[in-house]
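Shared between the two complexes below is chain A, which has chain B as its partner in the first and chain C in the second.
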Partner chain A sequence: MSGIFEYNGGSIVGMKGKNCIAVACDRRFGQQMSTITTNYQKVFKIQDNILLALSGLNTDIHTFYALMEKEINLYNLKENRKMKPTTFANLVASALYERRFGPFFVTPIVAGLENGKPILATYDSIGCKSDLDDFQVGGTGGNYIYGACEAFFKPDMSPEELEEVIGQSLVSGCDRDALSGWGGVVYVLTEQKITVKILKTKQT
Partner chain B sequence: MIDFDPSTFGLAHTYQKEDKDEINTLRMPSAPQVIYKSLNGPTQTNGGNKLNNFKHGTTTLGFVFKEGILIAVDSRASMGSFLSSEQVRKVIEINEYLLGTMAGGAADCQYWLAYLANHCRTYELKNGSKLSVAAASKFLQGILIGYKNSGLSMGCMIAGTDLSGQHLYYIDNDGMRLKGDIFSVGSGSTYAYGVLDNHYKYDMSVNEAVELGIRAIYHATHRDTASGGVVRVYHIHQNGWTKVHDGLDVVDLHYQFAQQKGLVGDGDEAKQRLF
Partner chain C sequence: MTDFALTTFSSKGKLLQIEYALNAVAKGDTAIGIKAKNGVVLVVEKKQTSILIEEQSVQKISLMSDNIAATYAGLGPDFRVLSQQARKLVKKYDLKYQEEMFVQTLSRELAEDVQVATQRGGIRPFGVSILIAGYDEEGPHLVQLDPSGAYYSWKATAIGKQAKNAKAFLEKRYNVDMEIEDAINTALLTLKEGFEGQITPTNIEVGVIRDDHVFRILPPSQVKDYLEELE
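This part shows the complex of A and B:
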């Protein structure tokens, strides 16, 4: 449990479906081995069709989100239009690299829908973007969630199926990680709406 | 020739049994030899990193009350932040009248408590009467002092019944041996103490004591990441020990306790923003 990425703990996962995309996160805010709250927000709505999920050091989660919120607001004011998800994905990468020698200790996942097509991008803490995979994970429980994702995932799932699968993957993964869990939230983004579901998980 | 049991003087690294004695007897593993002992202080098992200090990643508790002793433990084992098991047995049944709890290194606790069990049985056969709890715990203390600073990690409680009643001792790898009425050991002990100290009375009934033990362990599992799994509860009385609960899932307990308070228990009581 050494390391700055393990100080607060937490896990996130993103998964593509057929014309929809889902992200899920746990809800724990802890300090090393002690749990402080079980309702910490880790997924943020940047725009109606863009969600930003963050894991890592909680203070940087909050600060990086505030920075991205500022960027998108300025963009809207200057360009007088919405930002495309692929553009936002690039923005996150450059914003992270701007702090190359004093990075934000976060591993973001950007999830969006552009013309009905799901966009999923993940980064390391200094902005290396990876946007080709169908599902991505982040956080201390990431590796365990990968295993569950590989088992449950299939391409082109409907929103209901996707919600079920991503929820199960998150919960199974977090069950093996001491620093993640204490609740879960699943966000499913479709052309028409964003659905939010709170999962009933182990509170231990 | 006098057969020196290596642990008699706590000098586990000095004597070894001769092979020819073992032809007609059961093979007993010889006590481990110490190869390196730190001169400055305890050998750092976890690299010395404060963030890595998982020495006692668990919650165990025991308290003495009117009807005997209650022992309650969790069942989680973790290797760093990886949860290796949620089903560990942290109460070791030494014999029908003695129990030991496990905290710290699982291998250390399992081995030395089994060693203690062997010693208790040998004593019983040689002397015709059972070893007292005080003597059993002192024997274990002697062994651990012999291995002091060599990196063993154990924070166990020895609880049992003998002719003078029910007794509870705390033993750890530094050679500490304390007799007491309330103990909680492990990373979740601080949370358990809070609940335990709040509701403890000597004059509790068995049911009240069991409830208290369960609640204290549950609260520790909720806040401490290194504790979880199921609650196991044992009661020690004048006729030995009884296993009251073998595996109460703390997840179910969480939602039960929340419901009793009229809450849902999903951590969302303050209706936090979800976006």
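This part shows the complex of A and C:
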């Protein structure tokens, strides 16, 4: 299957702000050139202060998310405490590498808030973690979103600014990518709450 | 591997093999642990049966990780096996989460292996009680793990030959606001109480962990200083 990461299409982006963090994703679920639905969920709430965004093969998006849900639930029961975002970020890397020779065809982004500080980690499909500053992208429209991010991003943005900037970057990028788009969702995580905003985009 | 169990219930509902294992523990050299506000201390007898033995080669306090260590009363080789198992558990956790393991978590997982030896066919229970001391994000911890697989968190405790007397002594001396230096002195005093013969820096072993999360086994020179303070 050529381009297994391109089969379903889809893009995600994560961006750090001042004591806040945002992730955004498109809503398309396609099978090569056909669009099946325009409301596919690609960002999942793992904990009040951890979000997991996934792009790639949709079946693996769903399965990998389910696996992480199971891990964190068992952890909560066994250890009797919440998981730290940095710990979860490491868990994702281990879980991906466990399938080194039969990988999940996903590229995850972990976004969290630990002691008020934003945590952002991105991975390849076999668990190479990088937690660089500012922003990360994933999926078929990733490179286009990078361009928009570089132009719009500035450090230490407020939650409102961040929501605007990440939304614009996602939309600009997805508009260029044939396999991403059909709507967008932006999640902004702060100490107090998680806000969710649904974006209307070009429906093509 | 035989598939009949060695440890089976008696008519009174007891597991005699575990009772006998506890007897083996009760014959072992005394070990004492005290949890202070800001640290934990482990003190253990290291009496050698012959003056020909190289005292420094015997290590009764083993590190499980940077922030957790353990000692024992009972069969030395059984402790060695469990130490190795505990170290693997810590490393496995570290590889998965890249985070310092909690003392309670390690105790629970190690207890699983100890319990298996009371129920699986063809193997006998472990002949050691283990005292696990560590400092994690939750604070200082002292946990006792018995041959049955049961584990208990203590403020202060003793295992081995002098366990009963030592615990009685500790009940009078212990207070919740103890600082680690007081705890070290108290632990040494407690050990001295029931010690047969002269206590020296080389026939005991002392290990301390403070709020820097680093467990240190004290060299004989430092132990000598603490012992002299007791005079």
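Throughout what follows, the second predicted complex is superposed on the first by the 202 of 204 C-alpha atoms of A that agree within 3 Å, B and C clash if a C-alpha of one lies under 4 Å from a C-alpha of the other, contacts with A are read in each partner's own complex, and residues count from 1 in each chain.
Heads up, the rule we're going with is that contacts are C-beta pairs under 8 Å (C-beta built on N, C-alpha and C of every residue); 3 or more make two chains touch, one makes a residue touch a chain.
Treat the numbers as computed from the prediction; the structure is a model and nothing was measured.
Of the two partner chains placed by superposition, only chain B is touched by A:N39; chain C is not.
By the document's definition of touching, of the two partners only chain B reaches A:R176; chain C does not. Set against each other, chain B and chain C touch different numbers of residues in chain A, with B touching more. By the document's definition of touching, of the two partners only chain B reaches A:K200; chain C does not.
Residue contacts after overlaying the shared chain place A:Q192 against neither chain B nor chain C. Of the two partner chains placed around the shared chain by superposition, chain C is the only one that A:K78 touches, whereas chain B remains out of contact. Legend: residue contacts after superposition of the two complexes on their common chain; A:S94 is shown touching chain C, with no touch to chain B. Chain B meets chain A in the complex at residues 47, 49, 51-52, 54, 57, 78, 80-83, 187, 221-229, 250-251, 254-255, 265-268, 270, 272-275.
Remark: chain A residues 1-3, 6-7, 9, 27, 30, 32-35, 37-39, 41, 43-45, 140, 175-179, 182-183, 185, 196, 198, 200, 202-204 touch chain B in the complex.
Those residues of chain C whose C-beta lies close enough to touch chain A in the complex are 95-99, 102, 105, 108.
On the side of chain A, the complex with chain C involves touching residues 78-79, 84, 86-87, 90-91, 94.
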